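Both complexes below contain chain A, partnered by chain B and then by chain C.
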Partner chain A sequence: MTEPLLEVRDLKVYFPVFSGFVQRLLGGGDARVHAVDGVTFSIAEGEVFGLVGESGCGKSTIAKTLVGLVRATSGRLLFRGEDVTRPDPKTLFRLRERIQLIYQDAHAALSPAMTVGEAIADVLRTHGLPGPSGNRVQTKSEDAIREAVYRTFDDVGLRPPAFYYNKYPDELSGGQKQRVVAARVLALRPQLIVADEPVAMLDMSVRARMLEFLMELKAKYHLTYLFITHDLATAKFMCDRIGIMYLGRIVEMGRASTIYADPKHPYTKALLEAIPIPDPERKTKKILPRGEVPNAVWPPAGCRFHPRCPAVLASCGWEGRDVIALLEERWLSPELAEREALAGPVKEWEADGLIARRQMGKTDPGPVYDLIRRILLESGGPMAGAVRKVSIEGTVVVVEFRPPDLLVPKEAEGRVVECLLY
Partner chain B sequence: MSALLELEHLSVTFETPQGPVHAVQDVSLTIEGGSIVGLVGESGCGKSTLGRAILRLLPENATVAGSVRFAGRDVLALSPKEIRDLRGRNLAMIFQDPMTRLNPLMRIRDHFIETIRAHNPAVKSGQALERAKKVLADVRVPSDRLGMYPHELSGGMRQRVMIALCLLFKPALLIADEPTTALDVILEAQILQLLQSIMHEYSMSVLLITHNLGLVAEFSDRVAVMYAGRIAEEGATPPLFREPRHPYTQGLLRSVIDLETTSLYSVPGEPPSLLGETAGCPFYPRCDKRMAVCETVYPEPRLVGEDHRKVACHLY
Partner chain C sequence: MAGWFARGRTSLVGRLIGTFLGQSRTIAGILVWIGLGVVLTILVLALLAPFIAPFDPNTKVASPELPPGGAFLMGTDRGGQDVLSRIIWGSRVPLAIIAVSTTISLALGLPLGLVSGFAGGRMDRGILLVMDSIYAFPGLLLAIAIAAVIGRGILNISFAIAVVYIPTYFRVIRNHVTSVKQEPYVEAAVALGMPRRRVIGRYILPNVAQSIPVIFSVNAADAVLTEAGLAVLGLGLPPGIPDWGFDISLNWQRFDVSWWATFFPGLFILILTTALTFVGEGLNDILNPLLRKREYKAGAQA
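Our next item is the complex of A and B:
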């Protein structure tokens, strides 16, 4: 096998959360957003690799880390075998000639005060013109630079180039601006293009045009793409291989055709099921995961998807805060809230890792102990199966869970999947 | 079934320094009680302006012509007090981004108290909170969220709170303008399922304004497709998706990228500017079935086929 163009190994990117002085005193000062939390993948030359996930899953953070806009907390990035995890300024300068980023919003990516021709000329003045053997040739000749800009405009279909050179971004349509951004990226003759939601802002009737354009460029310049999107349908069409991300982890990765034909991870299945189908005759009642994506500052224990997963097991990572979520969910029903009022309100419960506890003070803890046991039993399911014990410790009622099973990515039926079911 | 909302020849024109912008032109549309009508179109087609025109929420520089009848009343003729009373009580609206609609300095409870008192100043805050708890339970929001500020809620919870605020007076019609566009796909499906179950519980109609054809196909009973300020095609959802008649609807449906897409299609060209006077069919420059007449004469919508679909195209 040939060396991959890009290799990402166990990448972690954490961002500090700026908390108040009191919070820091109380030990909340080391709170960090686990934006990317141990991600490994590689991209072969000429491939389109897709990172797919919902907002906040870390896909854009990976894009920014690759071009040096964000520093990796740990892990390694290799470009053609060369370590570019923490590039010095000179390496970064050269790296950006080889890895380029296309953003979602072409309008915001262009300076409103610069003609689009100048925007590209500027890049060529800084980085030099592409030389015959992939090298770069610095030039002072403004004519040569203008010639090169014209050629690039011609390449992306902005014709006649001289007509567009002196236009400002707000004189161009959305599609034309996308082409200018592509021209600016291509002026450097990059090898890897990271396209971060390139069509999310475009209307449906013109979206296909941009995708076709990206594929044309790929064929013409032998490009490799990292294609980042929240849209599974677009990813299916564009990508050779995909990685499905959830809360900073890749939960399933493999050939796009394999994963779409037979998704394995419950999250992948949920995502696919949630897509609205433009065919009223195939209306089905969807089974959706409960709740929302949790906060990435304190990601759930075990599998991060476990609190929402429809196929969850007792060993997936149940912990103290899941008890609180269960009570909250139950007490949405007024009858249950009234019948179980003794154990409430929810805010009296406190979660601490695998433990949920309620301080009873002078009240007899016995009835609450009985009630919480009954609630856990009644709600049944995998969560109840994960309880190690319910106990009374002095004046405190305690629910304690068993620690989760070790979760590692595994090979299963032609893809890598991180789920205890496989 | 009776018509709950009737729009007749509704037009909205904005005066701008560049000249008049015809955002909505000659739109006629009927919403029956207890139904979901999808209003679908791309950015700038006038769908949001139409939604706001119904509630008279347009800015000063807008001129409205035609008529809006809601439960038999002429909405455009109501006094400011009467329209304030109608909004919220009978007609409610939710928007794309709930964060910009909730006051960041007010707790959720105060949003409810304020909304209730706006219509009925005599209500005590205790009573108001009891009502708030009831509607919050209907949209599955735990009542302890009442004590929180909007920024403490997740995106899905915020949109649920917005829906709960709309439900306080059991409105007959809810106008939902891109209610899930800011949300991820799973959350989007959750919120729409919720809207669907609530509308039955509250016997409410919904005008769902969206750019997403998939959502319209799944959730609406009828669809109106808007293009350049006009309704190109309108009819019952299943036949319209099975056999779109207007060339724009055909192009739009062909350009949807879904899990079964094997080849890409895009409608050629770009939508027209709505500035100044236009003649003929607005889709004419992009249409692959255009005829000479299309350039000069606007095709009045007419009923076509057995499903009584309204199509604005000279082909029919």
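Our next item is the complex of A and C:
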């Protein structure tokens, strides 16, 4: 097997949450956003690898880490076998000629105070002109630079180039701006292009054209793409292999055709169910995840998808705060809220890892203990199965869960999937 | 380097002027035109003083304290000097001080603001602290202190006024930079491997530059007042140089007898500062909504 172009091994990127001085004294200072939390994948030369996930799942953070805009907290990045996890400035400068980014919002990615021709000329002034054998030739000749900009414009279909050279981004359409951004990147003759939602902001009508254009560029310049999107339909069109991301982890990864034909992870299934099918007669029940994406500062224990998963098991990672979420959801119904008022309000409950507890003070904890047992029984399901015990400790009612089963990515039917079901 | 600068500057200044001309018929635009007209008139007066002024400003040309009229349109002062001639010659001082002091403040405040805003972190906090402590001082008081230490002269006074205004340039530019540096085009420039200096000079500066003309005019108006204040307090220029502020300090005790010798210099200070304020306020209305409109447009596209 040949060496992959890019290899990402157990990449973790955490961002500190800025807290005030007092908060730091009180010990809240180690809060970190777990943007990317142990991601492993590799991309072969000439491949289109897709990272698919909801907003906030960490896919853009991976893109930024690859071009050195964000530092990896741990893990390794290998480009053609060379370790580029923490590059020195010179390596980074060279790396940025080989890995480049295409942004979602082409309008915002171009300085409004610079003509689009200048935007590309500036890149050539910094990096030199692309030479015949993949090298770069520094030049001071403004004429040569202008020539090169014209050629690049011509390559991306902005014709006549001289007409576009002196345009400001304001004066171009969305599709044209995306072409300018592509031209700016191509001026560097990169080998890997990280396309971060390149068509999300374009009109439906230009979207397909833009995707075809990206594929044309790929063929012409022998590019490899890391294609980041939240849109499974786009990914299906573009990608050879895809990785489905949820809250900083890849939950399922494999050949796109395999995954689309037969998704394994409940999250992948839910995403595929959510694709609208233009058929008014079609009436199938959609199994969609409940609730919202949890906060990445304190990601859920066990499988991160478990609080929302339609196929959840008792061993998936139930913990203290899931009890509180259950109470919150339950008491949205006024009758239940009234009948079970004794156990409330929700804010009296406190979660600590696998434990949820309520301080009763001078009130008798007995009735609350009975009530919470009944609620857990009544709501049943996998969560109740995960409870180790409900107990009274002094004046505190405690619900304690069993620790989750170990979750590791596994090979299953031609793809890697991270779920206890397999 | 020269070519780089010329390209950046022509497009930048051109764009600002273009924006202004596009809105020159609005109320704000008219304010700017009036202000510019007055300032230019005073500038012409100052440049052509030797030809326009009817008398030598520093010699006794008639008996003291003659009321306005006849050969002396604005009367004569305590020393028998022609008030009009002194006003015409005196217009050179505030204009010179505006030119020198704003140049100094801009030359220090702008780069400091750019670097501090872009770098962030400890360095930013350090520079901010120094600038805020200067800013916390009442401007005139600070200028008095500096002028008292370094003495008289146009350069010295300009320097005193410049120090007062450095934090204003710094603050406005720095805050603008901290917001502009979050823009994807700045991030893209970094990702494209642009050196830091280039990112600041080519990608950030042109997008924060619309703040500069506004601070400039407010700064200029304030410089005129501060200079006059220093002169009134006796910290102005050495005697012998006609100056509006100095004339006020010379004549104000005789206001009940010869009001004209105090009134006219005061009136001209008022006219010049008002005109500069018109320019500043008008430009603020014209150049800053540009910013708002652009944000609106970007939002609408999303």
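Basically, the second predicted complex is superposed on the first by the 418 of 422 C-alpha atoms of A that agree within 3 Å, B and C clash if a C-alpha of one lies under 4 Å from a C-alpha of the other, contacts with A are read in each partner's own complex, and residues count from 1 in each chain.
Basically, a contact is a pair of C-beta atoms (placed from the backbone, for glycine too) under 8 Å apart; a residue touches a chain by one contact, two chains touch by 3 or more.
Bear in mind the structure is a predicted one, so any value in this text is a computation, not a measurement.
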Fit-or-clash call for chain B and chain C when the two complexes are aligned on chain A: fit
Comparison of chain B and chain C by chain A residues contacted: B
First, second, both or neither for A:234, with chain B first and chain C second: first
Contacts of A:122 with chain B and chain C, given as first, second, both or neither: second
Partner chain in contact with A:7 - chain B first, chain C second, else both or neither: neither
Partner chain(s) touched by A:270 [first = chain B, second = chain C, both, neither]: first
Which of chain B and chain C A:400 touches, first, second, both or neither: neither
Chain B versus chain C as contact partner of A:370, first or second or both or neither: neither
Which of chain B and chain C A:350 touches, first, second, both or neither: neither
Minimum C-alpha spacing, chains overlaid - chain B and chain C, in Å: 8
Residues of chain A contacting chain B in one complex and chain C in the other: none
Chain A to chain C touching residues, read off their complex: 67-69, 92-93, 96-97, 100-101, 103, 105, 107-115, 118, 122-123, 126-127, 142, 174, 181, 184, 188, 201
List of chain C residues in touch with chain A within their complex: 3, 7, 11-12, 15, 183-195, 198, 202-203, 206-207, 209, 294, 298, 301-302
Interfacial residue positions of chain B with respect to chain A in the complex: 42-43, 137, 140-142, 144, 154-157, 184-190, 193, 211-218, 237-238, 241-242, 251-253, 255-259, 261, 264-267, 270-271
Contacting residues of chain A [partner chain B, same complex]: 54-55, 173, 175, 203-209, 211-212, 230-234, 236-237, 260, 270-272, 274-281, 283, 286, 288-289, 292-293, 328, 331-334, 345-347
